[in-house]
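Read from first to last, the chains carry the letters A, B and C; within each, the first residue is number 1.
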C-alpha cells in the first residue's frame, strides 16, 4: 500500500465529511450574503437526507435522482417556510428558523407513527442506507457549485442580494423586489443543504432525527463565521477547519466541542469578518502593482 | 404627472403630514421647502413607497401608488436620493450605480451561471450605461473607489447617478446640496436643468433659496405637515405665511 | 375510549393544577431570558445553558456535598448568577465596547452555549443524572379529586415568591429604575450618572439566578438532568418570551402559563407526542399573527 491509500483508509471519511460540510457552509453563505440569519439549514439538510434515503432504500431509485429529489424537496419546503417567515426581523427570523429545525425533528420522530407507514424509523432512524456517496461525486458537486458561486457574484441577482444585505429600503427604491429575492436566497440555501443531507445519509448509511438538532444548525453557522463572511471561499475554509479540528483533538474526549465554541466566540470578538478577508488580498496585489510601476 | 390628494400620515396622535394636496406637472422642477420638521422627508417617503399614507391618494401618471410597495413604485418611474446619504458603503461608486441599473437588466441567475451570450451582452451594456452616468456626473476620478471614501458633495452626486440609473420619469431629491460648496451647487443646478430639458421631472427638497430660485419652476412650502404656499419662487418668497413660518422657526432656534 | 363524563371533569381540574405549577417554572425560566433582552436588547441563546448548569450545581450540592435541597437551591441560584456575569464579561462586553451589531452578540451567545454544553458533557458525562430519591419529602395532598405533591406546591410557591420579588425589584428599587433607564437608552443613562456597567452586571446576575432556579426546580420535578436539557427548554423559553413580547416581564409570566396550559391540555386530551410540538405551533402562530407578542415589547422600558 502506498502513502495515498494508507492516508485514504484512515482519513477518507473525514475528507468526505469536510466536503459535505463545505456544502453546508455554502448553503448558509447564500442566506448570510443576503443579510439573513437563518438557522433552518440543519432542518433542510434533514429533509434532503430523509427524502433521498427513503427513495433509495424503499423505491430503489438511483442515487443521483434521489439526491436531486431530496434537495428539491428541501428547496420546496424552504420556499413554503420562507414565504411567511422572511418578512420577520432579524431576531424573530432567527427564532422562527430555530423553531423550524425542531419541527423537522419532531416530524421525523413521529412520521411513521402518524402515517402508519414504516418508512423512516421514528426515533431510531433509518439504517442500512447503501453507501453511494463517493469523493468524486462530492468533489464534482463542489466544483460545480464553485463555478456557480463565482458567476453568482457577477450576476444581476447577486448584486441585488448584496444591496439588500446592505440597505434593504434603499434596494427596494431601486426596483428590487426584496421579499422575492430574499426568498430566492433562502431557497438556494435550502437546496444546497438538502444536497448535503442526501450525501451525508449515503455516506454514514444512517439518518436519524437527532443528527439535525440546534447544535447542528449552529455548527453550520460556525463554518461561515469562522471561515469568513466576506468571501464565499470562507465557507469552505471554515468548514474544513471545524471538521478536521475535532478529529485532531480526539484526545480531548468529550471536551472536543468546547474548542469549537471557544473559536466561535473568539472569532466574533476579534475577527468579526472571519478568516478570509478580501481586503488583505487586495493589499497584497496593490503592493505587487507598485513594484511594477 | 404626480398628484397628491389629501395625503395624511399620522403617527399615533401626531400628523406628520396633514391633508397635503398638490400637482407636479411633467417636465417641471418643483422645490419643496419648509422649516425643519415640516414633514418634507416624510412626504418623500410616502411618494417613494418607503412609508404608507394614513389617508389620501397619490397618483403617478395613471397609477394610484399610495398602497404600492417601493419596488413597484420605482418600476413605474419614481427614483429618489436620501437626506443622510445612503450609499452602499463598501461597494465602489461604479458598483453602486450598476446596482441601480437592476431594473434595466433581465438576466437571471441561470443565464449568469451558464454565461450565455445574452447575459454577457447585457453585462457589457450595463457597464457602458453606468460609465455614461459616471461621466455625466463627473465621477470618473473615483469610479472604482469605495463609495464611503468620497467627500459629501461627491457622495451626493453618486446617489443621484444611482437614482438616475433606474431610468426614472420623476426623481425625488432630498437636500442634494447639503455638504456642497458654491461651485458644486451651481454645477448641480446646471445638471438638474439639463435633466429637465431631457424630459425628467424633479421634486427637490432644499434649504438653499438661491439654489431653489435657480432651478425651480415652482415651489411648495410645507409647515407642520401642511401646505402653506404653492407658486413661483417670487410669489412664495413674498408670501407672509411663508415668512412667518421661517421667522417662527428662526425664533425658536434663537 | 369513552370515559364517564365526571372523569373528564376531574381530569380537567387535575390538568389545570399541573399546568399552574409547570407554568410558574416556565415563567421563571423565561423571565431571565426576557430580562436580558429588555435591558440590553440582545437574545442570549446561552440562557438555557445557564439553566442546565444551575441544575447540575444543585445536583452536585445534594449528591456530593449532602446538602439539603433548601440550601442547594439558593447556592445554585447564586452560582448561576455568577456564571451569568462571567458569560457577559467574556462573550458580550467586548462586543458592546465596539458597538457590534446584534447579529454578532447572537453568534457569540451561541458559541458560549456550545462551550457550556460541551464542558458539562465533559465534567458530568452525557448520561442523565438524577436527584436522590429522598432529596425532597414525598407528600401528596388531595383536594377532592385533584392531587398535588408537596414538591409541586413548593415549586409553585418558590416561583411565585421569586417573581413577586423581581417585580418589586424592577418597580420600586433604585436598581430597578436604573435597569429601566439603561433599557431605554444606554447612552442617556450613562450621562445621567447611572453606572451602566454595574447595572448590566446585576441584570446578568439576576437572569442567571433565575435560570439556575428554574434548572433546580425542573430538575427536581422531572428528575432528569443532562447536559442537553437546555435544548428543548430553549424552544419553550423562546416561545414564552415571543408570546409575551420580547423584553416584557409580565408577558413572560403570561406566556409561561399559556404554554404550560397548552402543553398539559394537549398531552391529556390529544396525544403525548404532541407535547414538544405545542411550543413551536404556538411560536409560529404568534410570529405570524402578532410578532411583537400578546402584551407588546419591552415593558422594562415602558414601566
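Here is the rule we go by: contacts are C-beta pairs under 8 Å (C-beta built on N, C-alpha and C of every residue); 3 or more make two chains touch, one makes a residue touch a chain.
Remember, predicted model here, so these are calculated numbers, not experimental data.
Student: Counting hops between chains that touch, how far apart are chain B and chain C?
Tutor: Graph distance in the chain contact network comes out at 2.
Student: Mind having a look at which chain is the central one, using mean CA positions?
Tutor: Of the chains present, the most centrally placed is A.
Student: Among the chains in this structure, which pair is joined by the largest number of C-beta pairs in contact?
Tutor: A-C
Student: Quick check for the class: compute each chain's Cα centroid; which one is farthest from the centroid of chain B?
Tutor: Of all the other chains, the one whose centre lies farthest from chain B is C.
Student: Can you check how far apart chain B and chain C are, centre to centre, with Cα atoms defining each centre and the answer in Å?
Tutor: So the centroids are 50 Å from each other.
Student: How many angstrom lie between the centres of chain A and chain B, each centre taken as the mean Cα position?
Tutor: So the centre of chain A lies 41 Å away from the centre of chain B.
Student: Could you give the separation in Å between the centres of chain A and chain C, each centre being the mean of its C-alpha atoms?
Tutor: Here chain A and chain C have centroids separated by 31 Å.
Student: Along chain A, where are the residues that touch chain C in the complex?
Tutor: Touching chain C: residues 37, 84-85, 88-92, 94-96, 98-100, 102-103, 106, 109-110, 113, 213-215, 218, 221-222, 225, 253-258, 260-265, 268-269, 272 of chain A.
Student: Which residues of chain A touch chain B in the complex?
Tutor: Where chain A meets chain B, its residues are 147-148, 151-152, 154-160, 162-163, 166-167, 169-178, 184.
Student: Going by the contact rule set out above, which residues of chain B touch chain A in the complex?
Tutor: 48-50, 69-71, 73-75, 79-80, 82, 86, 88-91, 95, 98-100, 102-103, 105, 107-109, 112-113, 115, 119, 122-123, 126, 162-163, 165-166
Student: Touching chain A in the complex: which residues of chain C?
Tutor: Against chain A, the touching part of chain C is residues 43, 90-91, 94-95, 100, 102-104, 106-108, 110-119, 121-122, 125-126, 231, 234-235, 238-239, 242, 246, 273, 276-277, 279-280, 283-284, 287-288, 291.
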